[in-house]
Structure formats: structure tokens, C-alpha cells
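Order as written gives the chain letters A, B and C; numbering starts at 1 within each chain.
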Amino acid sequence: MKRSFPTTTFAVLGLMMSVAGTAAADHSERNPNVTEVNPGDTVKVARIPDNIYLRTQDDPDDLIWDRLPVYRTGLTTAPPVHPSVMLRFDPTDMEAKHLYFQVAKSKDRFYIRLRWKDASEDRSTTVDQFRDGVAVQYAIAGPETSYMMGSGPDNPVNIWYWRSDQEQIENLAAGGFGSTTHLPEQTVTGASEYFPEEIAQDSEWHVVMSRLIDEDGEHQVDLSRDTIPVVFALWEGHHNERDGNKKVTHNWIMLDNSDSQ
Amino acid sequence: MTVKRQLSMVLDLNKCIGCQTCTTACKLMWTNRNGREFMYWNNVETQPGKGYPRDYQNMGGGFDEAGALRAGRQPSQEDYGIPWEYNYEEALMTGTDPWLRPNVKPTWGANWDEDQGEGDYPNSYYFYLPRLCNHCANPGCLAACSRNAIYKRQEDGIVLIDQERCRGYRYCVNACPYKKVYFNEQISKSEKCIFCYPRIEKGLPTACAQQCVGRIRWIGYRDDTEGPIHMLVEKYKVALPLHPEWGTQPNVFYVPPLSPPKYGPDGEMLDESRIPLEYLESLFGDGVAAALDTIRTERQAKADGKGSELMDTLIGYNHAEMFKLS
Amino acid sequence: MGSDDKDLKLGSVDPALEGRFEVNGIKVTTVFEQVKKEAAKYTPEKTQKQTGLHPDVVRQEARHIANARKAIIMLGYITSSYSNCLYTAWAYALTLALTGHGGRTGGLDTSWVVWNHPKWTELSTFGGKKSARYEAGGLGEVLRGGMMEGIRNHFDNKKLKERVGFDIDEMEEMIQESIDEGWMPYYGEIKGMIAVADNTFRRNKMAEKYREEHLRQASELYVNVNVRMDSTAEWADYVLPAASHYEAWDLRTQGYHRFCNVFTESVPPVGESKPDWDIMALLTKKIQERAIARGIGPIQDGDVTRDLHTIHDDYTNNGQLMTALDATRYIVENSPEFGGVTLEDAAERGFIVLNEHAGTNQPLQKDQPYNPFTAQTDGKKPYETLTGRITFYVDHPRFVKLKSTVPTARLYAGPEASNYPLHFYSPHTRWGIHSNWRSNKYMLRLQRGEPNIYINPKLAEQRGIKDGDRVRLFNGNGAFFAQAKLYPSIPADSIMMEHGWEPHQYIHRRPMNNSHVTLLQPLELVGGWGHLKFIYAKWNANQVIHESSYDIALAKPEEIADPRTI
């Protein structure tokens, strides 16, 4: 099917957003093993030794994750690219939302684990309630691809989307705003768990998504490359976030997927 | 949004008796299942009243004077009314429940304020307003969709949601000032009146129009100068859009209701109509006074035996003339 | 003067409408004089207090009728739910007569008109040979249902007499007189009951008493034929499931229009259900079999015999009409008013247009309105009355006793005749017919989902009632509960409630009709005076069902709690 994609970009606004403050209070954690990552930085994909057996493939709280490096990056409000998003856009909201992520691969599988603080567990998608969600977006080509939903149909992105109301990961592709499409090959698995705390603000979502490294199919990110550009997006249902109403990483983070140590 | 042809409906509020046959025809055909239970693609509400969903007229949406989308409020489930169920088996067959009743205490529904209206006896007033998707020329839902999932059909201007493209963001639900797009929780997609297009494609009128006991509905194309829509909307200008100020350019039009005179304190008849003109104008815009004058004049002509093309159309002698579908 | 021809032609006669005369030494006057004298008591100025209508409105309406080229007054069925209906109807007739509306210029119409369907009648009366017993509906229901006790509980005898011109004691005496004189037939208690197409335990007033009485009298056998588990089927020894709409061949017609709708069996009946006709064919087959086996022969019943030993043969026309389809075909293809259409053609079109034979008083002319009484106005055929003319003078002893010999006026009974201050209106279901579809969930979702009353916001405020509250309606016969719905279009001294709710839909299954009282109008029970005698669907007494009244209060939580939670 041939579609036309809106070509307008909001690069200026996007840049402005990307320098948004780090004064947020949602990373009280003082774990010295957590490394702060900014867009443009490179992080290493960890290797899960072949002798480690994961009892449950996508267990979001598997012990293995305690042994792998943790990165933290700040997500800020995505620039509105559609009037409906603009209507709900709060330009005064500069607060960064912190997302902790870990990336790892085994012999044949690629894993990404995400966790973040969320005071409310929003699992329902109802007439008047929105669900929590998180997505990982990969440039199918290189980092010259727009991190905002790709650069048109010829330079698309692959998106793994976890939504709190179901235990399956949607495998999507997009080539510009409004073009997000459910792919015929649903190859990504995942699992999630919400950890409520007595202090609601400290409650956390843990999400693991994974895929076989070798997968064929159009718009499936090549996970055997040495460098994989990735950004994250996060939706808090409690704040009526959906579609472009979200917080995102404002430029690619590069995953070093090479086998070098 | 330009289309080749535009289907349109006119409803004569003077003839609507509020029987809900249209609502039920639509309900049983399209919305009694699969997550649509709370939806009434066609509803009949009492006006003045809160309508369906509750207070939709104050929920925003549509366009501002500059033509930009206006923010809209999301109706809650309670605003629509939660479709309650009954204990038929337990109350009538097994006898395990003491009486037949809903499983929740009903607190709101699609026709909750039926017949309430405004004013004090004997000068109270109300009328029925059947509502469906207006299949607007400038649909708020279409403008609001960030997915390009909503489109108008070229051949008839029917506004549809591409269920493959819809990702359930509910911008359209907010943006429609008439609140005629609904979110289906079961499939996480939005749905709306489809103007019974599978029937239209067979040359049949919509279920709501076909079943209408009061014969208050006409269907035809806007460009058919021989058809009823042209006569009522363009020629006699007795059919007006609901809330034209919302900027969506509806293709559903209403013949505003005449009303009997008010009574004075001693039971004398006053020279003042029961439904205030200003109120009707707040719904149907500036054309109301002229439309009511025309209807009064033409009614009298018909009563006097002089004949009236307009009244003959409004009487609706036969369906073939009321529904011009080619 | 005078003629032996039975027609209404005046010929050379110039009747005196007004004046006083002496005939053979007897002083006489005209009916018109008496009518005028009586009407003069009720000028619009004098009646304004009762009606709330400004005299100008009354005069304007009278002139509106007088000026109309054609005027028909439709006597709605609701009017007959008031004890003064007869007066209202007579006044309508007088209004039309005085303004020259009869025949092609209009007249009186009622909601109880049926066309002439001889084949229908033939089948329902065993080949026209054995009519069923008929009674005046209201009379039988009140007496057989034991309603007199509730009537006494409710009304204040003195107040009632002031309002309507008789009290309960006099009403009871007059009822007895009507039975004793043979003016109105009443057959007493029943022994068994086969109920079809009547939700009688929902519909009747003093409902609990009525139901208990019927179940006691029919304790040996009560069979209900029904399409659903309604409030009458619930109490049956046996419920025979009947095919519903679109599941059986059927014909429907009534006097509001000139069409007969043809219903086909679009879908087969659900489960074991069968069309009513088939059920009766099977029942009569068994009855006949047992009657022969037990040697039961003809049973004399008045002028006819009841022949259980041939009942199936009689019912089915010797086996020709075994199914609903057989009966429908027979009626369609043999009825003169259907003009010889085949069942196949009628079913294809969906309806049959009735021809001139359908007219009861005169032929039903194609493309012309069925104007009331043109046979009389144009054809000068006498009316079916004592005088052959429209009658504005009745000297039946009861009319004399109740000072009602000419058209006059009486008040309704209402709350003013009781100790309960609120008028109570129980009109038809908003979107249904009686209790049909009353418990259907799709329809209930379009109202309040449970029985509700309508109350003026001012009255509600006085009584501390908010929209959606559960309220208690009570009078001398009991109480029921319902949801309150604010409704400014009703006077502040009135309550309205749609009548069709099933008893099993009310809290504690306690329906409105348990406490809802009724009356009979003794004038409607007269007989032996020309046309004023029991004639089915023409002259008989109905229950006067809108004369009840109530008081209202907010319901207490413990009153409406589920009994299982206490």
C-alpha cells in the first residue's frame, strides 16, 4: 500500500526539549552501578554467558538483571506533530522522566529490560482511562534516520511496543508521523510486572522485551549489526498519555552490539 | 473536504414522538454486541436536556472561529450510562432472586432525562432530538485523527473509521462536538455510525429511517435538486444543522419544532410560544425564525385546501419519495 | 304525521326544537329545551375553577370545532378510565351535533372500533354456532376478583357521593340490581382457567386479591399459554410455550386503519413452542378424546350446547384447520373484506387492503375516509338506538335517579373522594403496549431500568425527594416502591406512572396495582332500555381505573432492602 507521510518536522522544538532539566526527583537511587546516558552516547550490549539458563525467557525480575550494567536516561515531552497532540501539549512541562535500561544478548536472543517509577498502575484501556506503555524504537538503517518515527517510508524505524493491558509486545514499523503499522510478523516477546511500594511514587514497572537475533522480514531491525541506534518512549496512562502525548529520548542512543569486550 | 457526492438526512422534529424505534433498530442492527453495548450510534434525547452522552453540548470539540480544532473533554463511562444487565433466570426461572432488577442501581442512561425539559407546569416544554453521526463536510473526528484512520467516502461522503488504521487514541471521540464517535474497549478502537452503508449500497435507507414510525426522516443526496433534501434544506430552508457554530458543517438537518402557546396565570392563552425562540436558535442557529414562519404559512395553506408542495413532502406520503438513494 | 318507513327522512315534518306545548292535556317540552337548561349550569366561567381552563380557551375551542369543515372528536380509551367518562362522551356527541358535525363533516370516533370480519367470527364461535359467554368486562373483574373490599378501604363514602353522585353502598346496590334485573350478565366464580394473551394478574386492580381469588377458584387447573414468563404465567400449573411474533402465521387488523397485516413464519418457533392455534387444536383433541371415553354428551348452556365430545371436530372444522397456517389461509381466502386474495400474494405484499365489505355501519369506500355514520346522515338509515336518532334524553330509572337524563357533568372521584392527596395517572408504557417488552433489557436501558414514577419538581422538593431516589407510594390499600423521576409537565398535586410494569419488576414484587383502586360507573350497567343493554364491545361497563390516589414519601433503606440481607 502506498501512503503519503507528513514531512513537517519539529526539529527546533525537539532540540529545545532535549536539553530539558534533570531536576526531576524520580531517581533517588544512588546506585553507583547505574550509568547516566545521554542521547548520542554509546552503551555496550551485555553478553549473557551460554551457561546461564533463563528459567523464564522474559522474566522481568530475573536475577540475571542484577548482574548486568544498568543505564539511566532522561525522557522529556515529545514535540507535538499533530493538532490533536498540540491541543494536549503542556509546554511548561520540562520535567525529565528517568528510564533505567539494560541491554543484553545471549547466543541467539536479544534482550532489553526497562524499568521506571510510576505511582499508578494503569492497566485499563477504557472509554475514559489510558494505559501505561513503553516502546523501544530502532533505526532500521543508521543514525541519520529521524529519531521521530523515522524519515518517511524509505527510511523507516522498527518499534517494540509494550502496553500494560496485555502481555504481548507489539512489533510495529513507522515511516513518518501517523504511519505506525502493525507488522505481519509478531516476533517480539516480553513480560512485565508492577512493583507497588508503600510510597506510591517509588512503585516501579519492570518490562523485558526480547527477540531472536536472526529474524527475517521487512521492517525487522537487524540485531546482528555492530551498532544499533535506539530511542525510548514512555506513556503514563494516569496523565492521559497516548500516541504523541508521551515522553521520549531526544536522539539516538547507540548500542554497541559488537562482540568485542 | 470535497467529495463527489454527499448523502444527507433531514429529520422533522415536529413529527418525532420519541418512541425510540430508530434507536432500537440501530441498536439491534449494529451495537448490541462486541463491546458496543453502551453505544447508541442513533439516540433520541429530550431537549432541553443533558442528552447523550450526558452534557455533551458542554464537552467542547469541533472548531473555533479560526478553523482550528477546539479541545474536547472525554466523556466518562457514566456519562454514557453503563448498560445494566438483568437476573431473568434467577428471578423468573429458578426463583433464587426475589425480583427482576438490574445488576447495578441505574444512575444514568442514554435516555435518562426523557421528557424532563424545562419550565413549570402548565408551561413546561420539551421535544425529542434524534441524533446520529452528522457525516460532516468538515468532520472534527477526521481532523483530529493522528493516524489518518478516518475518511469520507468519495461516492457518498459517509464518514468511516478504518479499523485497520485506528489505534484507539480517542482524539476523534474528543474532537466530535456531537460525541458521535465511541471508543470500543473490547477492541481498543473507535467506532461510529456508518450510515448503514451496506444497506445504502443496496439502495436501501438506513435502519433508523426505514423503521421510523413517525416518518420523520428523509434521505438523499445534497446535489439532487429534485430530491427532498434540496427542497427542505435549500429551497424552503426549513431544515437546519444542529449547532452550526461548532464548525463541522453537518449533513444531517432538522426541521425545528413549532410549539403551542403559553398559558397565563388564569389559564388564558398568551401570544408566546411554549418553546422560546432563543432556545431553538441556540441549537439550530439564525434560520429558526424564518423556518418556523415558513412551516406555519405552508401548514395553513394546506389546511385551507390550497395545497403545499412543502407540506406534501413533510407529510411523507411514501418511502419512495422520502428516500432518494440514486 | 308519522311514517311506517324506518328511516330518518323528515319529509314534511318540521320538528320543534324549542318551546313548551300541551299535548292531550299533558304539558311537554322538547329535549333540546332540557339540554339547554342543563348546559346553562355549566358556563365556562363556572367551570373554570374545576378545569383550570380560561373561558376564552373553552370558547375558542368550541368555535374552532364549529368553524371546521370537518371535525372528529376521538374519544380516547383513557377517558373511559374516569367515572365521569359517560358524561364527557355525551358532551362530545352534543358538541358535534350542535356544530353540525356528522357523517362527511365529522362526528364521534372511539378507540374501540373493529371492522367487519365474518370469517374471524365464524372460527372463534365454532362455525358461528356457539358463541362464548360474554360478560361486561369490568363487572366480572371487580366481582370475581374480590375488588369491592379494596374499593371500600380507599374511598370516603361521603366525599365520593359529593363528587360523583353515588357512594359505595349505592354503587354496590346498583351493581346487584343490574345483575338481578338481567341488565348485565355475570356468571359467578370460575372452576378452571386457560389463559391466553392476557397478562391479567399484571393488569387488574387490587392485583394481589384478584390473583388470590382466581387461583383459589381455579385451584383444580390453571393453564397459561404464553410467549414469555410474564406475571400471569408465573402462577400457572402449566405454561404452554407459544410461538411469538414472526414465528407463526397470523393476521392483525384493527379499526385505526384499513389494512390487515399478514405475519408469516419467518423463523421457526423456539424450542417446543407452537402457534396458539396449534396448541388449541391439540388441547381440544385430547378433550374430545376424554369426553368420548367418559361418555360426556352435550351440556346445555343457555341457548347453546357445549359439546366436549365434538370440540376438536368443531374447532378444526372437521380436521381441515389443524394449524395456524390452515386457519390463516382459510380466513384470507374466504373473507369477503379481503376480496379473494390468495395467502401467497397477501404474504408477499405483507398486508391486505380491506374492501367495502369491511365497513360495519356502511361500506368502506376505496380512497375515501370512513366517515362516521354516513349511512345515517346521507342514507337516512336509523341509528341503532331506541329512537333511531342520536339520543340526548334517557329516562331509564337509573338515569333519572342519578339526575342524568340529559347530557350534564359530574366530577371525577380522584383524591378528593379519598384521604390520599395525590392524583395518580397510569398511562400506557412509553414505548410499548401494556406489559409487552416491559422487561426487555434493551428497552429498559432507554428508561430508568426499574419501575419509576414521575413527580413534579416542586412536590419532590416539598417531600425531600431527589431525582433517582426510591420513593414509597401509599394509600389505604398498601404501598409500593419506585424510582422518582422529575417531570415538570405534571401538576404538583399529581403522580404519574406507566402502567405496564410487571409485578415481578417491583421491589418485593409489590406492584402498583396491589393498592390501585377501581370503581364501576352504575350508569354503564343499565339495561332493558332500547340500545342500552349489554352488547359486546358496544355497551358494557369497564373498570374505572384512573380514580385512585396516593401519598408519597422517601423510602427508608430497610423498606427496600433485599429480604435476604436482613
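Going forward, a residue touches a chain if its C-beta (ideal position, glycine included) is under 8 Å from a C-beta of that chain, and two chains touch if they have at least 3 such contacts.
Computed from a prediction, not measured in an experiment: that's the story for all the values here.
In terms of inter-chain touching, the protein chains here are arranged end to end in an open line. Taking the CA centroid of chain A as reference, the farthest chain centroid is that of C. Inter-chain centre distance (chain A to chain C, centres taken as mean C-alpha positions): 73 Å.
Rounded to whole angstrom, the centroid-to-centroid distance between chain A and chain B, based on C-alpha atoms, equals 43 Å.
Centre-to-centre separation between chain B and chain C, using Cα means, comes to 37 Å. Chain A contributes residues 3, 82-85, 87-88, 125-128, 165, 177-178, 180, 240, 242-244 to its touches with chain B in the complex. The touching residues of chain B, when paired with chain A in their complex, are 38, 68-71, 74-77, 80, 143-148, 167-171, 173-175, 182-183, 185, 188.
Interface of chain C with chain B (complex): residues 48, 52-54, 56-57, 60, 229, 234, 430-431, 439, 441-450, 454, 456, 458, 468, 483, 485-492, 502, 504-509, 562-564.
Chain B contributes residues 18-21, 23-24, 27-28, 32, 81, 83-86, 88, 91-93, 98-102, 106-107, 109-112, 114-122, 124, 126, 263-264, 266-269 to its touches with chain C in the complex.
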